[in-house]
Amino acid sequence: MAKPKVGIYGFTGCAGCQLEILNLEDILLDIVGAIDIVNFRMAKSQNDDVTQLDVAVIEGSIVTKEQEEEIKKIRDKTKIMIAVGDCACFGGVQKLTQFQNLEEAKKLVYGDVQMKHAIASPLHSRAIDEVVKVDAKLPCCPMVKEEFVEALKCLLAGKKIDIKPHAVCEECRKNGNVCFFEKGHVCMGTVTLAGCGSLCPSNGYPCEGCRGPVEEANIPEQVQRMRENGLSDEDINRKFRKFTSGAKEFANALEIAKNAQATNAPQEAKK
Amino acid sequence: MSENPNQLEVHHITRVEGHGRIIIDVKDRKLEKVELNIIEGSRLFESWLRGRRLDEVPHLVSRICAICSAGHTAAALKAIEDASGIHASETAVKLRDLATMGEFIQSHTLHMYCLALPDFLGFESVIAMAGKLPNEVKLALKMKKLGNDIAQVATGRAVNQISMNVKGFSRVPTKEELQGLLAKLKEMRPFAEKSCDIFAGLNYPNFQRKTEYIALHTPKEYALYDGKIKSSEGWKAPVSEWEQKATEQVVAYSNAKQGVRNGHGYLAGPLARMNLNQKQLLDAAKAKLDAGPIKFPSYNTFHSNYARAIELLHCFDKCIAIIEDLIATGAEKGKVDYKEYALLAKKFSANKGYGAVEVPRGTLYHSYAIDENGIVTYANVLTPTAQNLRNIEEDMVAYLPQLMDKTREEICHAAEMTVRAYDPCISCATHFLEVEFKD
Amino acid sequence: MNAPANPYMPQMAKITKIREQTSDTKAFEFQFVDPKVKETFTYEPGQFVELSVFGIGEAPFGISSTPTRKGFIELGIRNVGNLTNFIHQMKVGDTVGIRGPYGKGFPVETLKGKDVLIVAGGTGMFPTRSLINYIMDKRKDFGHVKILCGFRSPQELLFKDEFDTWKNAPNTEFLLSVDKGDETWKGNTGVITTLFPKTTVSPESYAVIVGPPVMYRFVVKELLARNIQKHRIYVSLERKMQCGIGKCSHCVIGYKYTCIHGPVFNYWDALDLQEAI
Amino acid sequence: MILAKISKGNIPEFLKRLMASYEVVAPVEKEGKFAFSPVSDPAKVRLDYDTTILPPKQFLYPPEEKLMEFKRDGSAGKETIDTTKRVLFGLHPCDIWGIQILDWVFDGKFPDPYYRARKDNTLIVGLNCTSPRNEYCFCQSMGTYTVDKGYDIMLMEEGDNYMVHIKTDAGNQVIRKSSDLFTEVSAEDTNILSKDLVDKKMKAKFKRKLDTRNISELLDFTYGSPVWKEFGDRCLSCGACSYVCPDCYCFNVKDKLDLSLQNGERARTWDCCLYIDFARCAGGHNFRKDKATRLKMRFFHKEKSFVDDYGRPACVGCGRCIKACPAKIDLTEIFAKLRGV
């Protein structure tokens, strides 16, 4: 069997996901043995932009016109495209400009200088699947390198990439952590997709939702719990709109909670 | 390569972090102009950081750059604590210091062995190099992993720190974890020493250009975590003045926050630190330096690689010292319960604060202003890569004319190598900076 | 395999025959590698096995061969997911792991001497074929046998090469329908319940129903209308049986384990399971 | 010898001696709460704990457990069984009950060799309760406040001493090995003990209650109750209640390969019936799509299925699920509402 041809590309982001690939020191040489890396600018000088790819691994979000064209070109020659990390999966922290006036934001940072590679107005930073079709997403900031290796093995073995639609609480409980809600704080783990190994709660910090919403996240209940813990609407929005504000459930959490309340209210009245 | 016969273009600078492009104009074998274009998309951190609560800032800004995320976190924490009047415990500072040291080890090893050494030994990449020098590559990967392990034990994750927070740590390493690191550091240390020899013996291009060198400095130690701003031109300034010192000429150049002083570029990073602070190196690193063939101050940019090797050894010994100290005095005191930095409803006096640390590529500056609710009203970050951009161009302008009789490929390669000597972190530089030289 | 030391460990088996059924369905014949297992492996019609492909996973499959024919087992497998897709790419001679048999099969002892009505829809044909051929091989032991089969289209018929044998068997009636026919189709068209007016069902019959979840309610209605008592109706339910041995709980319906209390349930018991049908 | 006495001061030494031949798992402090954890320092053991975050089941049935290793060359898999010698030290009666209920599930017609091997190699040292350990306990309602079997040794607090009930030969052997730490029990001791057993039981005051009468029937009658939707809407499907439950045991099985794709292992991990994919099949059909149905399923399984099959609910009244639920769903409240009280 010929080794699958793989391209690893970075768009706008912190390069942390690509770095996490290089941080797989123990098995890096095995990976290089199992796949044929034809493009990895961060690590290699000779990069091939022509060869058809079996797998393209995409880090970073699409911000400029040039990037939009480039990702389309990559898509055209790729069988399976995987978005890794929050920038590629959700637009990243830079997506937070969506809650601002983009022109004012740009002016604030650059002054009056017109930038060639600035965020293309009127669009904000975009997740890869806002531009081209994506076959699998491995969210997290940065991506979980173990999950990346598992995904790679699935692709090599011809298996579907299997990410369980469970909340971070699953892993947090298995790790035997004390729940932040039990301690009187708010944690996003209840509505966030598991897969990180509950890394933040295990390190004493509440989940920040960086893996994005879990399937059918119970946003109204989460908002209710946050309010009971004394959070203002601004605080609640700050919790939801952080690394994955590109996810609609998180961007519009307050609205979703309000709508749910409105649907339940007539029923309550009937009782 | 571009269509224009007189224009050499390196489309994508490889083996750096982020996206850059070099354009070299040549006429009649004479260098007309060199441009370094940054084509990485901007992220406007300083815009949307406004409105965030101060305890969120360290985690958010760690995402500016993965390679120096611990440095960003540390600089932001210092600036925020300066603004809010919160004080971190002595143990917390030691742990932060340890985390950034781990980052130095991982970043320097990555650059030295995976990005730079293939240039000097004529390999396309570290992957290609691994075939010929398997032992060195394996040891280098092991040393890089050790750097990551240190950062991970200290902060929960090697990339984008978790437990390193305002006032202290939400989790501190156990004694067993620290002892584990200590054993690994001692095991790897001979390779760190050997790395000094390897990088002392490389055939560096003979290129001398004196520029201004700027780094943090303190007489107490080789300044990495703390110090005042010091320049090779003889001036010193407290960190709180960084916004005036580092961006003086911005308007004249019409480039936002590019590192320009008095009309010329300046150099930040290992070479600047070595030129300014070599006296403060720990004994073993100093001894290596004394016994080696290359002396500092050096005005050869390529000697940055050797400076990294010496710093690497210094960081090993510094880590060992910090860990031994933490084992003896206990890391527990660095721990702060979450409720102490979940600063809900806490009142502050509106203020502005400044923080700076040395990161692998040079001095990193952060400053923030907060209001009485602890909400950020102003944010400003200056990364070393941004500071170096002007100087990189000036280096190329000075260096490339010597090579005009070479092939285009060789010229391009030399230009790329020059850029790489700075180990630029382009995404790091682009969160606030857009460099526009020419269409 | 009587109570092996470790019920999770599969026995290795080789694919010995593959019969294409439809565009997405194949019948695979397996023989155990260990001669002792091959010889002693036995089961009841209606039971299932857990089939493994190491590295890909494990899933339950109803046995479609009959225990009256020894030395091999046959499983009908539709390509619907990861594992089945993988099995569909396998060839004769390839090895898989099999453990079982598990669950309660059809009540063949109860059915003996009785008239039997078998209603099979779609892939419900897999386990019922086991029962049909079991009855065929012991034809004298059973009364009148009526087989009603329904498929979505003429292209989706399963085990059609055996239809004639069943049709021609003594004291046996075989009726077939497809939901939607085509120009070549000459038989009955319509959902499976449209076959009921074309035959008579004695109230003394015992009925066995296997098919997609939606089918049960409609078929049961027809049977009750023909005065067949609830306890004489048997259904085979399909759930996500993962361990097969009553532990992992993925197959629990209401409060019963499909894998050990079923998959064949008496309709009276199934009614009590609330969410079953 | 079925009774002995040990002074509280001798417990650390006893633990130390146990550590010589066993992995000793005992309650230790964790962020102001308690957790069962392998211990190397007897001073860290906290027998004054209220309840632990996770029940002791993780040492008999770990969150993730390798079942076998395999090669993909057609050869048979190789089972991997853990036979670590272990002591579970200081278990309250409810947790001992919890283990007994797990025994029923993992033994049965198809005994689970992984659980069995761990259990057979585990010595259980109980610690009795004399009053509710915290506001969440309702073990009196579940009849699990005391326990008469399922342990090797039971420690019963009596002033500065523990009276020790030695239940099994295995328990007897470890005590005989450290006989210098134990003293004979006097007639007076047994007198106090027998009185106290009854007396303290009577004195216990439990605020939290669950009426278990006809609980199986109750669930049949309330299958269509709006109570399920009310609580289902609140459920976050996070799985906390299952993972902290001494008697939840659902699992999922997964194959993993190494990078060569030639070798791998099959492992099982804890799973939870509240997850959206729990009853979702390969073809995509989901037998329990909405949260209310899944929540109801959990209680049907624990409080009906178990009553019908084993004669009692799979609940020991430890209260962990109530304490752990981020949405504050309380099963005693659900059952009270189902009964209309």
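Note that the chains are named A, B, C and D in the order they appear, and that numbering of residues resets to 1 at the start of each chain.
In this text, a residue touches a chain if its C-beta (ideal position, glycine included) is under 8 Å from a C-beta of that chain, and two chains touch if they have at least 3 such contacts.
A quick note: this is a predicted structure, and the numbers were derived from the prediction, not measured.
The set of chains in contact with chain B as well as chain D comprises A. The highest number of C-beta contact pairs joins the chains A-B. Core chain by CA centroid proximity to the global CA centroid: A. Across the assembly, the mean Cα position most removed from that of chain B is the one of C. Inter-chain centre distance (chain A to chain D, centres taken as mean C-alpha positions): 37 Å. Work out the mean CA point of chain A and of chain C, and you get 44 Å between them. A separation of 26 Å divides the Cα centre of chain A from that of chain B.
Inter-chain centre distance (chain B to chain C, centres taken as mean C-alpha positions): 66 Å. Multi-chain contact residues, meaning those touching two or more other chains, occur in chain C at positions 55-56, 81-82.
Among the residues of chain A, those in touch with two or more other chains are 157, 162, 183. None of the residues of chain B touches two or more other chains. Chains that are in contact with each other form these pairs: A-B, A-C, A-D, C-D.
The residues of chain D lying in touch with chain C in their complex are 67-68, 70-72, 74-77, 79, 105-106, 108-114, 220, 223, 249-255, 257, 261, 264, 266, 268, 271, 273, 278-283, 285, 287-288, 293, 297, 300-301, 304-305, 308.
Listing the residues of chain A that touch chain D in their complex gives 27, 30-31, 34, 149-150, 153, 156-157, 162, 164-167, 169-170, 173-174, 176-179, 181-183, 187, 189-191, 214-216, 218, 220-222, 225, 264. Residues 157-160, 162 of chain A are the ones that touch chain C when the two sit in their complex. Residue ranges on chain D touching chain A, taken from their complex, read 30-33, 35, 53-54, 58, 63-64, 233-240, 243-244, 254, 256-261, 270, 272, 275-277, 291, 323-324, 326-327. Residues 10-20, 22-23, 25-26, 28-29, 32, 37, 41-47, 61-64, 66-67, 92-94, 96-97, 99-100, 104-106, 108-111, 113, 115-119, 125, 141-142, 180, 183-185, 199-200, 202-206, 208, 230-231, 235, 238, 242-243 of chain A are the ones that touch chain B when the two sit in their complex.
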